[in-house]
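Before anything else, here's the structure in question.
For reference, chains read A, B, C and D in written order, and residue numbers begin at 1 within each chain.
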Amino acid sequence: MPDLRQRYEAVRQRTLKLAEPLSAEDACVQSMSDASPAKWHLAHTTWFFETFVLGSQPPFDADFRVLFNSYYQQVGDRHPRAQRGLLTRPSLARVFDYRAAVDERIHALLTQHTPQPVVELVELGLQHEQQHQELLLTDIKHLLSCHPLWPAYQPLQATAAEAPPPAAPAWLPVASGLREIGHVGEGFAFDNERPRHQVFLPGCEIASRPVNNAEFLQFVEAGGYAQPQWWLAEGWDWCCAQQLAHPWYWRRASQPGQTVAGWQEFSLHGALPLDGRRPVSHLSYYEADAYARWAGARLPTEAEWEVAWAKAMALQSGLQALHPAGTAGDGLGQVWEWTQSSYAPYPGFRIADGAVGEYNGKFMVNQYVLRGGSCLTPPGHTRASYRNFFPASARWQMTGLRLARDG
Amino acid sequence: MPDLRQRYEAVRQRTLKLAEPLSAEDACVQSMSDASPAKWHLAHTTWFFETFVLGSQPPFDADFRVLFNSYYQQVGDRHPRAQRGLLTRPSLARVFDYRAAVDERIHALLTQHTPQPVVELVELGLQHEQQHQELLLTDIKHLLSCHPLWPAYQPLQATAAEAPPPAAPAWLPVASGLREIGHVGEGFAFDNERPRHQVFLPGCEIASRPVNNAEFLQFVEAGGYAQPQWWLAEGWDWCCAQQLAHPWYWRRASQPGQTVAGWQEFSLHGALPLDGRRPVSHLSYYEADAYARWAGARLPTEAEWEVAWAKAMALQSGLQALHPAGTAGDGLGQVWEWTQSSYAPYPGFRIADGAVGEYNGKFMVNQYVLRGGSCLTPPGHTRASYRNFFPASARWQMTGLRLARDG
Amino acid sequence: MPDLRQRYEAVRQRTLKLAEPLSAEDACVQSMSDASPAKWHLAHTTWFFETFVLGSQPPFDADFRVLFNSYYQQVGDRHPRAQRGLLTRPSLARVFDYRAAVDERIHALLTQHTPQPVVELVELGLQHEQQHQELLLTDIKHLLSCHPLWPAYQPLQATAAEAPPPAAPAWLPVASGLREIGHVGEGFAFDNERPRHQVFLPGCEIASRPVNNAEFLQFVEAGGYAQPQWWLAEGWDWCCAQQLAHPWYWRRASQPGQTVAGWQEFSLHGALPLDGRRPVSHLSYYEADAYARWAGARLPTEAEWEVAWAKAMALQSGLQALHPAGTAGDGLGQVWEWTQSSYAPYPGFRIADGAVGEYNGKFMVNQYVLRGGSCLTPPGHTRASYRNFFPASARWQMTGLRLARDG
Amino acid sequence: MPDLRQRYEAVRQRTLKLAEPLSAEDACVQSMSDASPAKWHLAHTTWFFETFVLGSQPPFDADFRVLFNSYYQQVGDRHPRAQRGLLTRPSLARVFDYRAAVDERIHALLTQHTPQPVVELVELGLQHEQQHQELLLTDIKHLLSCHPLWPAYQPLQATAAEAPPPAAPAWLPVASGLREIGHVGEGFAFDNERPRHQVFLPGCEIASRPVNNAEFLQFVEAGGYAQPQWWLAEGWDWCCAQQLAHPWYWRRASQPGQTVAGWQEFSLHGALPLDGRRPVSHLSYYEADAYARWAGARLPTEAEWEVAWAKAMALQSGLQALHPAGTAGDGLGQVWEWTQSSYAPYPGFRIADGAVGEYNGKFMVNQYVLRGGSCLTPPGHTRASYRNFFPASARWQMTGLRLARDG
C-alpha cells in the first residue's frame, strides 16, 4: 500500500507541524472542558491507531489505554474529559515517542497484502486525525485567548495584498423537487453521511458567499444583541445570561487607526484589526440564526446547502462560487456554516459494529449541522456530504453562516 | 357568536373544575422552575384574553400585566419564571375575581357582529387555555410528587374493570413516497402546523400502540439504565449525573402484593401499583430513545407519525388503531409520543405579526416534537398535525413512545 | 404551675397573633433556603413540645415527626430544609388544629406536681418558640420583599411623632482588666451562655447607640461599596459577586419628596421612606465590618459588649444608654449588633444530654455573634448574656452594628 | 548587610531547588482554584521583591505587574486567581530569567548602608517566599494527586529505620491564669502576631504529640464519617455532600501486604503504605473537630497552644515535647495543628501602611488558626507565636490536630 503509507506519513507529519510552535506548557493546559490540550490531541490520535488498528499487539504503555480514550465506552475506562489538562505526565516528549513507536508499527503493517478492513481502519484513523488537527488549532486558539495579553500561536508572516471589498452576495436559486443527498461514490465518507437518500426540497435561494465581518458588524452596531425580537428564546436567555454584545473574539480596540470602526479580532496571530472582508466566525447557532432573522432571511437546511454545492460544482463555477478564495492556513478566511438542521440519522443509517460504531451516531441529539469547512480544516478533508456538528451554544470553532430565503 | 360563547364558557369552566381539588396553598407553590403554580395558570390564561383580545380596555389590575405575562417580550416586562411561586399576592380568591371580570367583558364582546380577527384571537385564547389545562395538571402532579407522603390530587373514584393484558403490537406499514403533512382544512391549528407541505418518506413500519409499563419494566430489569450502549452520549451523561435507574415517578414498593413486580407509580391519585397494561409515561427523550434502541427499533419521525395516523383514520380503524381506549381524565392512560424530529419550522413557516407571533416560533431549537396527546389533554384539543414539543430532558409531562423500524 | 401555664398560654397566643395577617398562601411559601414558611414555624414550635415534652404520648400525626423536625439528628429523619416550602399539606388549618391539640396536652401536664425536668423543657420550648417568632417575621419580610410590588405584612397604623435627629453617639469607656461574662443568676439561659467565666479585656470605648441610617448612607454615598480598602477580602469578593451598592432592603425612590436623599426601605409595612434616625439594619457582617473600618473604628468583641451592657445597667442609665427607645413591634427600630467574635464554646461548655443537646453547640463554626436584640425580638426574651449568631453573609435578619475603638 | 545577602541567597536558592524535580508542564498547571502553579509561585515571590523593594525601578516586564499580583488591591489590577493555570506564557525559562534579574538588583541594594525600612521589606519578602515554598509543595502534591496514576514529585530516597510504635500521648497541664501571648523579642514576626497581650486561660491539659494515623484510622473504621453526633452541623453537611469516608489522600490499597490494614496514602513520593506512627494530615477543621469530640476531647485554643509551647520550651524538654522528631523534608511527619480559634485581630492590632498592609489583616473572617508547622515548612520559619490560617474546609495542606481537654 505505498499510497496509503505516503498518505499516513503526510497526515501524521502535518499534526507534528501544527504542534511545532507550541511549548510543552502550551501543549499541556486545558482552557475549558470543551477543549483539549494539544498534547492530548497528539496522544489520542495515536491511541486511535493503536487501539483500532494494532489492537492485538502489546501496547506502548498500558496506562495510555485509559488516559487517551476519548469517549469509547466499549474500549473501557476513560480519564474524565474535563481533567485532561491535569495530565502533566506523560510529558510532551514522551508523547512524541509514543507517536513514533506507533507510526513504526503501522508502517510495518502497511504492505501490499494488508487486508481491506485494516486499510479502512487506517483511513478512518487518518480522517479522525485530520478532524483533530482542526480541533488542536481551535483549542489552542481558545487557550491563548484566555491570556490577558492575547499572545500569538504564530506570528503573521506576510500581509496579504489588499483585496477589494466584496460585492453583495448573489442569490443562487435551488429549485423545488426531489433530490438526493448523502455520500455517493467510492471515496471515504463517515457513517453519518450515509446512506444517500431522497429528500424533497421546497425550493429556495442561497447566498453566493458567507456573511462577512462588515455585514455582521452592522447587526452589532444596530443593537442586535439587545433586541429580543431577532433571537430564539433560548438564544436570548443565553445572550442575556452572558451579557453578550458581539462575537466572542471581538473587542473594541483601545487605539485609533484600526480598521472596521475600531474593532479587533483575536486570531492565531494574536490581535488583528477586524477585517470586514472576511467571513464572520466564532458565532453560535443562536447568533447566526438571530443575524439571519434580522437580515430578513434564514439559515439553509443541510439538504439545501448540499444540493446548492453540488449544483455549483456541476456548473463549473465550482468551489469558487460557494467559497471565495481564502488564505487557507492563516486562521482567517473560510468558515463552517451553520444550517438550521438538527443533527439526526439519515433514513436507514446503520451504526458500525464494535467500538468504532460510537464514532458519530451517539451524538445525534441537541446538535446542529455545519457544512462546508474552514480555513483551519486540513486540505482535502471536506466534501459536499460532510456533516460537522456542534451544540447551538458552541463558539470556539470557526463557525459562521450563509443566508438562505424561501424561493 | 352563540357557539363561540358556549365554547368559551365551557373551556373556562373546565379550568375552574380542574382547580377545584386544590387548596390556596396547593395552588400557590412552584415546585421547580419548569413548572408553574396553578394560580399562575389560572391568572395567565386570563391575562392572555385581557392582553390580546381586550387590549385597549383599562385593565382589571395594572400590576397583572407584568405578573402574569409568560414570555411575550413585545408586551413588556415579565415577572421571572422561576419566581412565580413567590407571588402569594394576589390571592387565589382575587384571581377568581379576575377570571370572572374578564369573562364578563369577553362575553360582552362576543356578539353576532364580532369581527373575524377578534373571533380568531378568542379561539387562540381557548386553545392556549386548553394547553395550560394540561400543564396545570402535570405541574400539580410534580408538586405533589415532591411531598414525601405522595398525596393525591383527587381520590381514585372507582377501579376500572380488569382489562386483559394487551397483545404484542402490530407493525403498521408506512409506504415510501412523497406525502403531505401539516394542517389541512378549516379548523383551528397553531401556526407551527402550517403550511401543509410535501415530504419524502423512506418507508417504515410503526407499532400499533405505545410501549407499555410491562415492556419498559423489562428494560429496567435488564439493567438498561446501567448500559451505555443503548444511550445517546448526552443521555448517558444525564442518566449518570442523576444516578437514574427507572422512570421518574416509579419507586419500588415497600410492601408485597402489588402488581408488576412490586413497583409503584405516583399518580394524581397518589401512589398506585404500577399497571403493566398502561403506556409507560414520564420518559425523557433520552430514555425513549434508549428503550427503542434496546428493543431493536427506533423512534418515528414526526412525518412518519402523521402519515401513519392519517392512514389509520382513512382505514376506518381510526383513532382506535393508534390509541387503544384509555380511561381519559384519570391521569393514567394515553401519552404524548416522542418522535426523533427536532422541533423546526416547516418550509415557508411565517411568524404572525405582533406579540402573538411569539407563541411558537421562538422555541424552535433544542426541543423535540411529541405527537398524539395524553389522557390529560382536554378532549378535542389534538389532531393529526398537532406538534407538541419539549426539551430532551423533560420528564414531568405525560411522555412515552411508540416504536418504529425501517420498512 | 399556674405561672408557667399562663406564660405558656401567652407565648403560644403571641405566635398565633403574629400569623394573623397572613393568608394560607403567605404562610406556605419559602422564599429561600435560609428562610422557612410561617406554617412551618407554627408547626415546628409545636413539634418541639410534642417531641421533647410529650415524647412518650402517641403523636397527633406520626408523619409530622419527620415533616417538622428541623435539625435534630437523634430524633430521626427530617424533611430537607430547602424543601419546606413544598409542604402544601398539611394545610394551615390543620397546623392550627395541631397547635391546639398539643396545647391541650401540655396544659394537662402543667400542674403543681410537674417534675422540674419537665418544667425546664417547657421553658426551653417557650424560649425556642420566641426565637421562632422573630424568625417568622424576618422570613415573611423576606418573602414579601421578593414580590415586585413590595406588599405589606401589616399596614402602618399610626405615624410616630417626629423625633429630633439623634445627636452624635457618646463613647462609653470600658476599662481594661479581668471581668466575668456569661449567664449569672437563676433565670433561664441557653447552654451557650454558660458557664460564666473570666476574660481579660484590653480596654476600649463603645458607642452609646447603634449606627443609624443617616450615618450609613454617608458610607454608601461616599462610594464605600466600591472601595476594597474597607472590606475583608472575603467580604469584597461577596460584594463584587453580587454587585452590591447598598443595604439589602434599600432602593432609590423613583419619586421625589421622600426623606433621606430619595431612598426607600422595605419594611413589614411595605415601602417606607428611609428614616435616617433609625438604626441601620439588614447588614451582613462584611458590611458592618467595612463600615466600622471606614469610620475609623471597629466592631466590639462580645465580651466588650456584655461588660458595657452590664456597666450601663449598674449606672442606672440602664437599657436606655445602649438602646434608645425604639417603637417595638413596628418592624423598624432596634437591631441585633454584630460583634467581631466568632461563635465558639465558652470554656467548660457542656452539651446537654439527648437530642436537646443539638440545640446550640453544633453550630459553633463560621458564625459570628450578635448581641442585644431587635424590635422584632419578643419582649423579655433577651438579656446581657444572650448570644445570637449568624453566618457573615446573612442579611435577612435585623442586623446592624455599634462602633467600638481601642481605649 | 552581608548576613541578609547570604540569607537572601539561601532562601531564593531553596525555592529553585524545590522546583527542580518539576517539568515545565508540572510547573504550569493549576489543579484547583485554591492552588497555584509552581511557576506562578516562582514568579509571584519575585514580583513581591520587585514591587515592594524595587518599586521605583523600571520593571523587568511591565505585564508581570498584573500577571503575578496575588491580591494587593492597592498595587492595581490582578490576573484572576482561578485562571493562573492558563498562563502558559511567560515560559518557565523566562520566569527563571525574571528571578535572576530581580536577584541581581536586590543584591546591588543590600550594602552596609541599606536603610532599615528596605532591610525590613527584604526580610518580609523572604518570609513571604518561605510561605510560598510550602504552598508550592502542597499545591504540586494536589496536582499530582489528581493524576489517576498518583505519580511522585520525588522518588523515595531511603527508607527510614523502623521506628517503634509511639506510646500513648501524655497530658501536659496548662494552669489557669493570666498569661501573655503574641510575639516578643527582636526577631521577625508578622503583623498578625502582634501586639503581645494578656489573655485569661481557664486551665486545660494538652496532648504531648499530635494524633497519628493509627489513631485516626480507628475513628474511620468505627464509622465516624457516618455518625452525625461527632460533627459540627456545617461539617456534617460538608461531609455528606462529598460522600467522604476517610482523609483526602487515603485510599484502600488494592493489594495485600501493605501496612495499617491495607490503606495507602498519597505523598510527594507517590502512593505509600499508610504509616500509623506518623501524624494524621490533610484534615479539614471539621474532621479534626469531629475526631476530637469522638475521642472525648477538644481542640485547644490558640492561646492554650502557645502557652503550652512556651512552657515546654522553658522546661528544657523543648520542641521535643511537642514535636517528636519527624523526618523533615520527606513530605511525611509533622503537621500544622488546627486550633478552635477563629482567626481574628489581636487587641490593638494595627494594619501596616500601604499595600503591604493587605498581607494578613483582610483575611480575618471565616478562617481558623493553625499552630506549629509541618515537615514541609522551611527550617527556621516557625516560632511559638506563628499564626497560620485556613478555611474550615481546607484539606490540601499538611493539617492535623493535637487533643486538649478541660483541666
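Criterion: a contact is a pair of C-beta atoms (placed from the backbone, for glycine too) under 8 Å apart; a residue touches a chain by one contact, two chains touch by 3 or more.
Note that this is a predicted model, so its numbers are computed, not measured.
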If you check the contacts of chain A and chain B, which chains show up for both? none
I'd like to verify one number: the distance from the centre of chain A to the centre of chain D, where each centre is the average of its C-alpha atoms, in whole angstrom. 46
Whole-Å gap between the CA centroids of chain C and chain D: 37
Centroid from C-alpha atoms only, then distance chain A to chain C, rounded to Å. What do you get? 58
Chain A, residues touching no fewer than two other chains: none
Listing every touching pair of chains gives A-B, A-D, B-C, C-D
In the complex formed with chain C, which residues of chain B make contact? 23-29, 31, 39, 63, 66-67, 79, 83, 85-89, 91-92, 143-144, 146-149, 151
Which stretch or stretches of chain C touch chain D in the complex? 71, 73-74, 178, 197-200, 202, 228-229, 231-236, 285-286, 289, 340-342, 344-345, 347-348, 362-366, 392, 406
